[in-house]
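Think of it as A, B, C and D in the order they're written, each chain with its own count starting at 1.
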């Protein structure tokens, strides 16, 4: 019985049992370092108008993306609409992306569920499907109960049990919870936790986390192009940036310029990207990112509901922002 | 192929297709009024220590609950840990509760998912499993996109497609989103929307919603015992109250006293319930509610992770609060 | 040298010194109970178009207000635009109101400043100007430093030094800080603290505070007409309600009906007041309250900047809300 | 009658009248550019134990500060405890600082009050007392009324009337309001608005404001050492940093390294400053900043209440943070 089958029928207690009693500690095996340096676009999931998966369109997007010097891909992140998909769809998409991506490109998969055991099951299934590492956002529904102790226990259980390395993921705009610097520094000590994608935009915090984990081989990724440049200045190694789905070449060039310390050139590019980026992330979200992909010749397509399509007015704003910045 | 099977394999697009193209409008059939007046405990899901379902313990709890004059039960609400369960488990629990509850008791089931189509699939499956109505909390992950327009479209699609009446559910402490009075008043006009459970605690808002929906046969339920009495004074018809899992007789008596206008007696009881209620809801959440159930001879048991068990100190606080108020 | 003069020249350290070293404990003298039961409108400060004080208009308003069975008046509350006035103006207004109000009507004065010593100076000056008690909102600028310990020390220092009794004042919508139930219960033990005006709208909290201070002769006032009725049901003795500036007779009638346990009649009136009240408090604030006063034949007039006058559209909304509810 | 006297007796309407009717437009005269490039410590106000002003200690501090290559000083910022001081004290302190600072050092004074007219009066008085420019934080008490329109009107009135240039000031942690990028960009067009001190820490926003005001001679200052380096990378010209009160040499060195593009050296210093900075700003606030000044041989002394002195435990944390980072 494959893990995917297991996933379909098992009650979470199975994983809990495994987790609780066996001294597997898969994480210990994760000593081969996974280098996250670079840009990893959090790819969107293409849908047809009836909300069914448009895997043919995914292939077409990959034909373009594979020519861009990405470090790899994040599959089933927030831009991938993971909360709007079934567990099977999520795992299936990881498998498909692993096939479409060149072998030397990383595939980071998003297995997060509200439950610890359910998250762990998806870690196994996604690893089996070819993920090199998992990127795990915190549970957030029971906000008042998500104390530092509860979050710490959750991530430690996931890291203990995951067969592939774990990248933490903080996105306070969506979860209402910011993984604190002390929590990140604490979790960085776990041998199977290799980094964090932080989308909060607080560069002071990023610098502090980089500094305080300097002995832990812990890699910090900027969660938006808006602060990729300053984040790299203070020691972040790369980014998981929605804008890279649309303007992959440019975001990779920004990363390269920053890596080489060519800050003046980097700054100019950074500035050109600011307005388009703000629109397709904070302001109008996933529907705008997909709309912009359509504008540049990729397949964006519709989102699943409750995410609404852009209004004509919003669509116009997206077009103008990219045109004004010289990208259309 | 049963709906439950369908649920297991169908991609959400199926429901979307149904929803989008067919003029089913199941809601129109919902003209037989569902009377929500009374107390409906949002029952917890019993687990064994390994996080597997403890259905035997559920039966034992029902032996006690069925002697209490509840109006019915809410299955798979927040206290039922619905985000920590699979779709199959959720539907299965609704089916089991329908069997355990007397036929004249309402079963309100919680089908909410982040996706509109997924929510609708669970509406169908839970109706087929015996739910008299569904209680639907709003999606909240894509917070910035959850505008009034998006929430309205979501709930209207659910109400259009649900084969049983819909009760809206607002719990800002968990979702970070408060369903506004104007939104509730707007949705109250839908023929398949019959009420709301509001856990925000803003009695001014409840009164306004009661008042502005007085011509719509829209029923408002208080989401906590903390404001059940003042909420009933301003026209709410009952409550979905976590405390009723523990002290069902007392909460039902409070409801009866308030219904009969015996406010002096009601107030005395209300006051006695305040401190214990605060502890098992806002302050310490589901683990405390389960711990208190254990104290009064019901089965509470553990929660699924990431919800942690109470510390000994917290356990002591729960015991003292119930003892001091005269309930132990 | 009068206290008012002292106020003008003294450095705050003077008060601090008095406070620190002398065993005055003026509060101890406050054993004559001040009964807050009833309605106390938080009167607005009338200004001319050039922002100078319009004391003649204040007199005209008082000719109307004095015919209404108010318990008294709150001078220099938030509706009085206290943060937009000088200390001299604030004390002067208290003095004028004391002259205009009948001797048996209470004058509650707002002395709050960010500084403890400055607040205490105004307590003295306002008491000398005729205030029966002071209503003190918490400091809030240094939010992160305003811990329970800091707030407790602040209020205790004020209560120790104030020559008249102290009513606490919580308005989280403006200060970003909600005086917690445990803090209120703690401060209720101080012999010179006689009550609280709570504008947060959380009736559960009000009930808890009433219940836990039942042995302390501590009086709880509802800070808005929106929850006056349910608040009185759970034991609050009255209200400080902006709407009473406009519809004083109606708010007093609501208080009387609730006091007499005539809840059905009270509820009807309560409902009629909800929409107009929401508009002149939470939604459009002081400018709307003043605009509504103009509509009913009182003097509202302009606010001081940065508070802007209503737009024509907003003015129309206010007129319609009061007309629709039958008050124009 | 001097402006200071005027200030003492005038009702705000006077200023409003001046403001409203006269075509003074002092701001137009502000064409001589005020260069904000560099570090300007927001100096604390020294108090004796009885809360009276300790001007002798201020002199001693200036003997040290004047040897450090600061661009100038901010007087009566948040670290100066301006909300805890009278208008006279605030103006007096500006005058004293102007005398203590070398002529080529800028004096930025904080005139902000909740009222527009009162703020304007202090602008005049502080300009007369020697301020080169004013740094104006937004009003925040009437939060719901502080719309973009109201804030814009407020700052425009202040900029119209101020005899010296205006630096905007955003500190959302204290005011609960973040001056938005569009608002800043709009206000940057005013000829008498020369920059902003932004303490929000959102470097993406800072970059956007720098970029969108590149044609307006608008200078952006980082409000904390925590993000000074990344802020300078994206085009900020300097900082107003509480830590500079304590470690002025180091913060100036960080500024110089960043200005010269020596990012590697800058980064090392930046990292060393992170932990001490966090403690004396976000975490423990003004009392901690003063405590740290005492540790390095300057005069910190007590704060005015309601700001409490550090607990022994907190004091120990401050000492350790500075020692561990090599500054003690």
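Note that in this section a residue touches a chain if its C-beta (ideal position, glycine included) is under 8 Å from a C-beta of that chain, and two chains touch if they have at least 3 such contacts.
Here the structure is a predicted model, which is why all the values come from computation and not from measurement.
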**Fill in**
Common contacts of chain A and chain D, by label, are none
**Request:** Sort out for me whether C-D or B-C is joined by the greater number of C-beta contact pairs.
**Result:** C-D
**Asked** Can you give the whole-Å distance between the Cα centres of chain B and chain D?
**Response** 50
**Rounded Å distance between chain C and chain D, as computed from the means of their C-alpha atoms** = 33
**Asked** Can you give the whole-Å distance between the Cα centres of chain B and chain C?
**Response** 38
**Asked** Looking at which chains touch, is this a line, ring, star, complete or other?
**Response** ring
**Complete:** Listing every touching pair of chains gives A-B, A-D, B-C, C-D
**Contact set on chain B toward chain A in their complex** = 8, 11-13, 16-17, 20, 47-48, 50-53, 78, 83-86, 89, 114-118, 139, 141-147, 149-151, 153-154, 157, 173-176, 282-283, 285-287, 304-308
**Item:** Contact set on chain C toward chain B in their complex
**Value:** 201-204, 207-208, 211, 224, 226-227, 229-231, 233-235, 261, 263, 267, 270-271, 274-275, 278
